[in-house]
Structure formats: structure tokens, C-alpha cells
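Shown next, in C-alpha cells, is the structure this report addresses.
By written order: A, B, C, D, E and F. Residues from 1 in each chain.
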Amino acid sequence: MSRRMLVVSAHGADWCTRAGGTIRKYTAMGWEVTVFALTFGEHGESGAYWRDHPGTCLEEVKACRKAEAQAAARALGVKDIRFFDYGDYPLCLDEARLRRLNEDILTLRPHVILTHWLKDPFNLDHEVTAKAVVRAVSAAGMRGALPDTPPHFIPDIFFFETTMPHSEFNRFQIDTYVDIGDVFEEKLAAVRLFAAQPQLVEYYTRCALNRGVQANDWSRGRRTIRYAEAFKRYVPYLGDLLPLTELEGESL
Amino acid sequence: MSRRMLVVSAHGADWCTRAGGTIRKYTAMGWEVTVFALTFGEHGESGAYWRDHPGTCLEEVKACRKAEAQAAARALGVKDIRFFDYGDYPLCLDEARLRRLNEDILTLRPHVILTHWLKDPFNLDHEVTAKAVVRAVSAAGMRGALPDTPPHFIPDIFFFETTMPHSEFNRFQIDTYVDIGDVFEEKLAAVRLFAAQPQLVEYYTRCALNRGVQANDWSRGRRTIRYAEAFKRYVPYLGDLLPLTELEGESL
Amino acid sequence: MSRRMLVVSAHGADWCTRAGGTIRKYTAMGWEVTVFALTFGEHGESGAYWRDHPGTCLEEVKACRKAEAQAAARALGVKDIRFFDYGDYPLCLDEARLRRLNEDILTLRPHVILTHWLKDPFNLDHEVTAKAVVRAVSAAGMRGALPDTPPHFIPDIFFFETTMPHSEFNRFQIDTYVDIGDVFEEKLAAVRLFAAQPQLVEYYTRCALNRGVQANDWSRGRRTIRYAEAFKRYVPYLGDLLPLTELEGESL
Amino acid sequence: MSRRMLVVSAHGADWCTRAGGTIRKYTAMGWEVTVFALTFGEHGESGAYWRDHPGTCLEEVKACRKAEAQAAARALGVKDIRFFDYGDYPLCLDEARLRRLNEDILTLRPHVILTHWLKDPFNLDHEVTAKAVVRAVSAAGMRGALPDTPPHFIPDIFFFETTMPHSEFNRFQIDTYVDIGDVFEEKLAAVRLFAAQPQLVEYYTRCALNRGVQANDWSRGRRTIRYAEAFKRYVPYLGDLLPLTELEGESL
Amino acid sequence: MSRRMLVVSAHGADWCTRAGGTIRKYTAMGWEVTVFALTFGEHGESGAYWRDHPGTCLEEVKACRKAEAQAAARALGVKDIRFFDYGDYPLCLDEARLRRLNEDILTLRPHVILTHWLKDPFNLDHEVTAKAVVRAVSAAGMRGALPDTPPHFIPDIFFFETTMPHSEFNRFQIDTYVDIGDVFEEKLAAVRLFAAQPQLVEYYTRCALNRGVQANDWSRGRRTIRYAEAFKRYVPYLGDLLPLTELEGESL
Amino acid sequence: MSRRMLVVSAHGADWCTRAGGTIRKYTAMGWEVTVFALTFGEHGESGAYWRDHPGTCLEEVKACRKAEAQAAARALGVKDIRFFDYGDYPLCLDEARLRRLNEDILTLRPHVILTHWLKDPFNLDHEVTAKAVVRAVSAAGMRGALPDTPPHFIPDIFFFETTMPHSEFNRFQIDTYVDIGDVFEEKLAAVRLFAAQPQLVEYYTRCALNRGVQANDWSRGRRTIRYAEAFKRYVPYLGDLLPLTELEGESL
């Protein structure tokens, strides 16, 4: 039976830099992962391109960012990446765009959603995206949005890393670390495909190392983690048992 | 290999009323569950006994509460329940008691700890307990507290239900629901053993139903949950994958 | 002298399910109570209708919800209920709608306003409504919005219950319980009139019982409360004395 | 039937400067008001005395402060003021003192309690006092603390003004303004009796004016308030109706 | 070398009443200070004008407020004040207005920005302004918004006073006091130029005195401050040393 | 005229690892810097020593830690480091210790205090220290604590880095970055002197780099920062002007 993960990204590369390792793990297990890139990141993530291509224009930058994101998606086993071209800095999501997002989620019916953290005042595109996702998920749980379409359950929603300028400023509250040591090289290779943002490689290597150090601190020897991605769960976990940290070399 | 869960309870019955269902699931799977009851709940949980036994005294009340708690522990498969007799309302934990708690955790080396929520201004005994547990866990991660004893990793800590007077007042933030439908009758039987608190049965039946309704709301059809216990994870989850909600009738 | 209460409700039934008992008390005392229903709740509150009427359409659902809400209003003595048909999930309130709300409040000049709680991320229609009400009240305190109309004072604003999925998640902070035992049957009869939402009856009976239990816990014998509605005051109380809890069978 | 108000004050003058007007209103109506002064304020409130009496000692300062506080109590109709002499800056409340406070509240059985705001990091004596009061109230609701004494209900608790260095810093959240215009001169006369703190007169005149300005802002013409005291309700209100702001010249 | 300060004000007089003293200090040192007044404050700040000019209209009120603001700007040495006429109560900033603000900041390239505090639920125009400024600053740090324009660094952003109805309600968190004693008369003269708001003079005199009292409390003798303006830093300070409070009569 | 900085550290090395660079800058300018080490960090910071010296005892560990801390102090120009030997994990500060801290601050009369961040639930020794410092500072502002000693003003208090397990978890709110590039090698040399904690070198190099990256992000070209220390101001800044970020190669 097919499993579906949706990743909603304000800009063209966010999904890959913050959650690329986790995404790779799920595609490798056969999950269908879909990325919604609400903008190409034509301003916020394309500084180097603008600087190095004097005389370029918005359309050219967008085309470049689109090609990069598609390549990174392929590299990580993501078969479906959709661009909405809503314009970044500021990204604004009006009623029509909210309804569209609701319908797309209702149609896709994902089991899991990854998106931005809810608080990011210096990068409000992220915050706008996260709030819209929660709102659309809520609306997708009701009838009548699409003819003859039953409501969709509330998927597990995890918020990913908020990096720039710093996660303390955004009060990011981590409650989940995914060990990405086994897929880190693949993630890095995908990040490198965003050639218009060469700084990403160093930035997110350091980020993955830092999260790995934190995870190790929490672990105090239970696991050895070198690279990690950090998340905050939003929708409560429902299960027969508590979701316990996995020890290394054994299963509970 | 043996697995150990520690439940730290401010008063004699808290551990059972808030987490009895979850505890039962783990004892049924063969976990060793230990309960630390820091007080007998000789004031806060014994109102009916005092009222119905004019002329009783503290020692008599404590003896009654101890016997009840031991019976409930047996009923739920808890082989080890320890009473510290620190006095309730107010429960005060000074340096010596904190060191004792540290040493006991270091000796027990639990994989999981359940205790009270960190904020409970109208029932500060609970808050005092929770903060002491976190502090002791932190100290148990360091060397030198006990001769020749290696530090212990940071276990998964989950905070359980804060009920009285109401969880909204205490800003309880639930992120985990455990479905206790299959063990609810056993839990209720244990709760009934606290004969000095006859009101508990109705109170925690309603509580379990309410948490079940909430879990169902979140589920929107993914699972059918009738009775649940609610928790808040404190120590971040570390693992190879995201801790996803379990769907009914399938495993991921 | 006439007293006026305004209840602003995101969807067709919210006003009744969360504050119907309190409303009934005020209409019974001769207050004029007006309800603004910003939407019919054609999606969020009409799941059963959509499911049971395959092939129905938005207009039909709206007509059904409107008739139900009008009947419930009559049942509770509300003579004036107005529908704005702004569309739910998502409900969006743009500048024109905000100005309209300002003008309507300025014209109505209510002494008291009841509306949703300010934080409701999974049901953002509620949050959007509450924020708009506060904003409109603030604007109504200034001159020039309507020709020849003096500004209106800041009414007492109370936020009502946020139920679904759970009030803890929305950080609802209760500071006021209204004992609705004497009007509970009337409220329930009104709730039953929302035939497209048969689940409301059980849901809000349990809610009223739970709030009654909490109120009793706080009371510890001062009052006997079986059913209650919970509110959070927003605008500070101004008076000659402190607003003290009413003891039963006596007046201060 | 007698009504009792308890005011718990960390230092010798706090109760009068922050709540003297409100206290006067209740004594004038025949309430029995009791003040617990946990310390004399021999350091924090006696700077002028120390400066002006070189060579003085703690006992002399305490005696001075006690006499002043007794005079102020008499002036405001407070017949019972008790001094606990626990030492200020820092005021520490250990288990024995907490039990004593519990017993005293249990014996007094107040309908209303006024005390400090819960957050006051630069004047932690206040915070320590407030938390102890809440804890003692909670314990007084349980049996067994005093032989043959039934538990006491949870009184209305209101936190009073936190002034120094500034209420914004302490995140004071006002939800209640009491108009003290009619008793302001009496309050001021009482404040003047604290001769070791001559600065209090100007300080708390300005404070009462500022709170009056705020109350007027909220009122926008409903009432004319010149001097006010500000409070934050802690225990929820329970009643048959909403506690509405009193309009001037009319009763609801 | 020229230094530039930008003050972004929701209404016509906010910039002057809350930061006029600080602005005057910078213009006196030769800084170029620019004011963006997003609206004229034709409703919220013009109550007296509407009341005293029956039959007036929006355009007349705007013209009056514009002339007043220009006069005040001249009085304080502000050479550039721009009016955007976006309409107040409610002030709405859509995508086009956000882009315009981004471009204007990018063109102006200020070293420092003063604007409203981020939280002001009863005066949401202020909150809307502050959030838009932060968003525009963030966007101005990226390339591509304006052809051939390099990105602008993140200026020091300080939020100014939130006064009405009261700063505690808005959770204003002061971390900076500027002593305006030397320019207070000049500020007051400028505030008096807002003839349609005669109440401002008393209001902001009291405000400056209150902030002065607070600053003195913090100082405890280090400085003597009579009038002050209060701010909250938003963007972290970057420097070679800690930004220490200036002692009087000496430099560090 | 002499300037004095006090650094209050829960354990033997905290002051050096978190603020060593900043301290070095002030000692280099001639400030007298005093360190209060409330404990030796004999448990929490000495894991490697315990592990590598089987059979060692508390006194030996303390002696080792003391010698290391003294050497580090000398290396950074700190002439006065005092050890209080209060015992770590848990560090408890009772009334007598609080009074001692008050008296020591009153005698030392520092202009600036650096200490731990106020929130650190997993390392409560830090939190206990920070709260005690604030409380002692407050008490030192009052007369009578020491004979013939005038009260001391409220110094600038800055909270330093909270590292382990992670600053996001502790909600550390940075508002000040000090560029320590010019003294980083000196700091690192001092950190190396804590031979019982060899992991500190790598840990705090990474920390300084991360804070440098953040500071650069904020700067966006205004300054080039490689290594930084991060702080949160507690006592508001008082001055004639705003404390603006220093641009490189120029002074305002």
C-alpha cells in the first residue's frame, strides 16, 4: 500500500536543505514524496545568481531555480515537485491560494506533511507558508470543498528547521531528531545542485553537524549520531504505546 | 533484555490515575515498572478518609494509603513501589532529597520516566516533583554521584495528565495520546482499590473518555479510540525515522 | 433602559453551542441579543448534511444551515441574527469586511460582546473572527467612521469556548464560569435544532458537564454547579469593588 | 453574616500602597480585613530610616516599621495586622512557614485574598509570597492539616500592583480596575503614616493616577475614573451571569 | 559621512509622540531622519477635529493632519516626511504595499529604524505596521527587488512606546531608555503642533515622566533622569564590547 | 578610575567557556574582573577526570578543578577568582548563601555582572545561580544589609550562553553579540587549561563559530565576524542615545 509524504516549501530549496535527509529515507523505503514549492525563491535564495548575472531578469532567475530544484528532487527520489510561482519576499497567500492548497491536499491525501516552523518574523514567507498549511489541513478534514471527495484525516505534521538568522531568535522548539548519517552524502549532493546558492553546502553541513551534536548530547551514549535533522511535531501522536527513542542495535 | 520504566508520583495514587493504563501495557509486555511515591497523599488524596474516620491520625491515614497503593501496583503488574514519606501539601524537596533521587535513578537506570507536568501552581507538589525529576535525571548523566557507577543516559521523559482543577489552567500541552481501550477495565479496577478516594473512579473515567474524544478528533477516522491517556514528551525523540502515528490494522 | 449583547460567530452554530446558555439568561432578563454569523458553516459544520445528501450543492447547504440557525435563535430569545455569507474554511476578512464590521458595531452599540478565543490554529476561522472583532471594537471607539455618529465605548468582551480538537491545544485560559444549570435544557433544545450536526448534542453536553466539574472543583462547596459555560474576559473590569464570585443563597 | 478579606504582604507597607483604597472600601462595608505582613520590610522599605539614623540597628528599624504599619492599618479600618518577622531580602519560606501559612488561612477562612503578583524577578520576596499564598490556599482545601477543621473553599484571589522598577518588566496583566476616587484621600493619609518611606506618597499618587488614566481609556466615557487600583484575578469567577463592568449611575 | 534614520509610523503623530525626543537628538547631530506616515491618522488621531468641525469630511481631516505632521517634522529637524494615505482603522498592507515599503527602504538604506511594537491587539494598525517593517527589512537584504541595487544590511530596529490603552496589556518589553531631558521642551513644542489632538500634550508629558521615573529606579543614582523615551531593541547588537549603560559625567 | 566586572559561574569553567573572550577584552582595557565560582563543577564538569582516575574522591576532583580554574583566570587577566564550594548537581542556595552573595556584591560594587541565563531546566544549577544573582543585586540596592554601607546601583547584567544540550531548548534569547575574533586564541588557550574537560575545546570552538555565523547573518556585510560570544541583556540600557551596532572602521 502506498504511503505519501507532502513537503510544503516557501522557496525552491528550503525543502531540500532542511529536510532532504529525512525525505531521502522515506523515498528509499518506497514512499511517494511530493514537494510543493510555493515560490522559486527568486529573490531570497538567488542572491549569488543576481550578483553574478548582471542584467538578468526575474524570469531567467525563476527558470534557473526551477531547474535546480527539479534536479535536486530527482536526486532524492522525489518524483513530483510542483511550482506555484506565487512570488517571494513577500509571499502572500490570499483566499484563492488557500482554497487551492486545501484542494491539493485533499486530492493528494498525504500521511505526513513536512513544512516550515510557525514563527519566523525575519523570514515571514516561511511563517505564512506554515500557517497556510495548518489551515488547509484543517479545511481538508471537512466535506464539501471538492465534489464527491471524502474529508481527509489530519496527517502527522512536522515543522522543519528554521535556520537563518538563527533558530533561537525564532524560538524553534525541537522535539524530534532524525539521524541522517546514512543519507547525508546523498543530501549534500542534492544541496550542491542548487548552484545559485553555493553557500548552502557549508551552511547546512554545519547545521547537520550541530543538530547531530545536540542529539548526541541528549543521547549520552545511547546512539552515536553524526548528522541529524531537527523537527517539531505539531499534531499529537496517537498510538498503542509511547513513541520511545530507538536504541541502537535493538528494537523495542 | 530487561526494560525499565520509572514512574515518579507526588502522592500515593497519581501514578495510577494518570498513567495506569499505559503502565499496564508496559508491564504486560514484560517491562519492569517501578513507582516512586514521594508522599502517601495523606492530606491531598485522603479527604474522604479523614471525613469518615473522625479521630484518625496521620499515621493511620498513611498506613491506609500505603496499603491501597500497594494493592493497585500489584493489580497493574508493578512489582516495585517505594514510599518516601516526605509529607504532602507542601511537599518540599531539599538538597538531601534531591541527591537521594539522583542516586536512586542512577541505580535504577530507567529507559523511560513518567512524571507530573512541570506547571501546576494550584498543586505545587506536582510541579516540585516534576522539576526534581528533571534535575535528578540531569545529575544522573554525570559521574561521581555514586562510586564506580557510570553516568546514565537521559531517558525518555513523558509528563502525564494534570487534572485538578483543570488542565487548561495549568497549560498542559499534550503531544501524545496512548490508546488504553484494551486495558481500561484493568486500570479502573486498580483505581477502585483507592477506597479512600471513591470519587477517583468517576473522575478518571470521564478523563479517559475526554482524552479519547480528543484523540478521535485528531484521528478523524484513522483510528477509533474510546479511552486514552495524554502525555507531553519532554526529552526529544531520537531515531532513524519520524515517530509517526500508528494507523489501525497496519504497521509502517 | 435597553441592554444589548452582540455575539459574533464564525459559523452558523458556534454562538449557540458555546454560549447558548449564557445568551438565554440575558434574553430572559430582557436584553436584546444580536448574533452575527459571518458564515453559514457550510463546510465545517455541515459534514453530516453533505454525507447524507449526495449531489447537494453549496447553496442548498447554506439554506439548510440558515434555517437551522434562525430556529435556534428564536428558541433562545434572540430576535436578530444576521448572516454575512463570507465563506468558511477559509474565512477571510479583508479591509471592506473589517470596515463593515466596524460600522455594524458602531450602529448596534452593544454593552457586551461574546466571540471566539483569539488562538485557534486548527480552526483559524475562529481566530480570524476574534481578531477582527477586537479590531472593529477599537475602530468603533473613534470618530469619523460613520457620519454624525459618536464613538462607542469599549464593551465588555468575553471569549467563549474553543472546543475542537481540544482547548489545551489552543491554550484557552478560562477566568469566568457561568452556571447554566437553570437553562441547560433550553440550550440543548436549541442545539438539537442544528439537525445537520447531530453530533453537537452529545459533544456540548459533555462539554457543559466538564466545565461544570471544573467550576465545582474551584468552588469546593461554595456553589453546586452541574452545567457551566466557560469564558475568558478580555477587556478589564472597571468598577467600584472587586467582581467577587457569587455565593449560593446570598448576595454580597 | 461576616465577610473576611485577607491581604498577604511581603513587607510592612506593600498591602497599603498597592491595595489600601480597595481595602478601605471593604472595611467601610463592614468586612473584617486581616493583613499578614511576612516581614517588616526592614531593608527594602526602610532606606530613608537607615540613612537618616546612622548607628541604628535591625531591631530599631523593625520596631519603627511595625508601629507605622499598625497605624496605617488602624487608619484604614483594618483591625487585625500580624507580623511574622521572617526577614526580607531575601524572604525565604521553608516547609514550616508554608505549613503555618496554610494553618492560618484554614483558621481565618477568608472569602477573598489579595496578594502580590506571581512574577517579580527583581523583587523576589513578592514572588515568593504570592506563590506561597497560592500553595497554602490549595493545601487549605484539603483535610487533615488541622484537627477537626473542615477544608476551606478556594477564595477569590486577586494579585495587586507590582510597581518597582516597572510593571511592564514584571509582565503584570491587569484585568480589574477598582475606582478608588472616593477613598483616595484616606488611602493617602494612611500611606503618609509610613514616615520612613516619604517617597511613597508621590510614588503611589502617580501610580493611582496612571491606573486611573488607563481605566478611563478603557471606559471611553462609560465612567469617569480619576484614581484606580489595578488587579489581576487568579481564581476564575463563578456566577449566574457574566461579571460586567458597572456603568455609572445605574445598576444592571 | 551621512547617517540615516527611518521612522515608520502608522498614523500622523505616532512618530512624534513616542520618539520625538530621540529623533531630535539625532537630527541635532546631523543625521538625516525620514518619517513614513502610512496614514494620516484621520480617524484614530483626529477625534477632536471631527467633534469640533461638524460636517467635515475625510479629505479635510487628512489635509489638517498632514499640515500638522509637516510642521512637527520641521520643528524637530526632520527634513523628509512622506504620507502614504493607506487609510487607518483598519490599516491594511497588501502585497503591493509591502513591495513598495521594501523598495523604499532599499532606496533609503537607513542605518536605524524606529517603529511600533509588534503586539498591539487593540490598535492593530500599529502591529500591522511593525510586522510589515520587519518583513520589508528582511526582503531588502536580498537581491533582485530593484534593478542594479545591492541588498541593504539589516539596520538596528528599535520598537517605540505603545501607550494606549496601556503598555502592560500589550506586553511591551522595554530594554532601552533614552534620556530626553535636554530636548523635552522641543519635543513638547512639536507635539503641541498637533492641534487636532490637544490631549497629546498631557498624555505624553505624563508618559515621559513615567519612563523617567522607571529609568531612575533602574539607575539608583547612576544617572538623574527626568524625562525618558522607552524602546525595545529587535535586531541584536553587534560590537567589540558590551553596550554598557552610560554613567553620568564620564565615558567608558 | 577603576571599573569592575563580576562574573558569577555555577561551576568551575562556565565563566571561561561562555564569556572568556569578552572577559579578556575587559581585563585588557584595565577592568578588574572578579569571578565567583559557586562550585568547582566536581560532578558536572569533571566526567573525564572521574573516568580516567578510578578510585579518586571528591576532594581530589575539587582540588584539580580549582587549580585549572585558577590557571585559566590568570591566563585571561582575571586577578580574583573565588570558590564557594557549595556542591554541584544539585547546587542549592539557601537563605544564608543568598545573604552572603548579597553582601559580596555590595562589597565588590561591580559595574557589570555576567552570569547564566535564567532558564535551564536540564542544568538547573545554572538557573539557580542566575536567579540568585538577580535577587542579590536587588537586595544590594537597599540599605541595612551591611553596616555603614550605602546601597549599590543596579549594574548592567548580561546573561551568557546556555549550551548543553541546546540553547533552543532553553529558549535563550540573544540580543548582543560580542566579536571575539581578536582574543579568540587567548580564550582557547584558557579553555585548554581545563584539562579534565578536554571536550570543551572543540565544543566551544564550534560554539564561537556558530555565534560568529549568526552575527554575520545579522550584519549582512556591515562587519566581518568570525568568532563571537552571545549574550542577553537583562537590566535596561540607560543613555543619551540608542546603543547602536558598531560599524567596522568607523565610530558614530
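Here are some notes:
Please note the rule applied: a contact is a pair of C-beta atoms (placed from the backbone, for glycine too) under 8 Å apart; a residue touches a chain by one contact, two chains touch by 3 or more.
Everything numeric here is computed off the predicted structure, so don't read it as measured data.
Using the contact threshold fixed earlier, the set of chains in contact with both chain C and chain F is A, B, D, E.
Looking at the partners of chain D and chain F together, the chains they share are B, E.
Taking the mean of C-alpha positions as each chain's centre, the chain lying farthest from the centre of chain C is F. Note on A-E: across the candidates D-E, D-F or A-B, the interface recurring with over half of the contact pairs conserved by residue number is D-F. Centres computed as Cα averages put chain A at a distance of 37 Å from chain F.
Between the CA-based centres of chain A and chain D the separation comes to 52 Å, rounded to the whole angstrom.
Within chain B, contacts with two or more other chains are made by residues 151, 154, 169, 174, 218, 236.
Per the contact rule defined earlier, chains pair up in contact as A-B, A-C, A-E, A-F, B-C, B-D, B-F, C-D, C-E, D-E, D-F, E-F.
Across the complex, chain D is touched by residues 164-169, 171-174, 203, 206, 209-210, 213-214, 217-218 of chain E.
Those residues of chain D lying in contact with chain F across their complex are 42-44, 46-47, 50-51, 54, 58, 61, 87, 89-90, 92, 121-124, 169.
In the complex of the two chains, the chain E residues touching chain A come out as 94-95, 98-99, 102, 118, 131, 134-135, 137-139, 142-145, 148, 151, 154, 236.
Across the interface of their complex, chain A is touched by residues 1, 3, 22, 25-26, 111-112, 141, 151-154, 156, 158, 174-179, 215, 218-223, 225, 231, 233, 235-246, 250, 252 of chain B.
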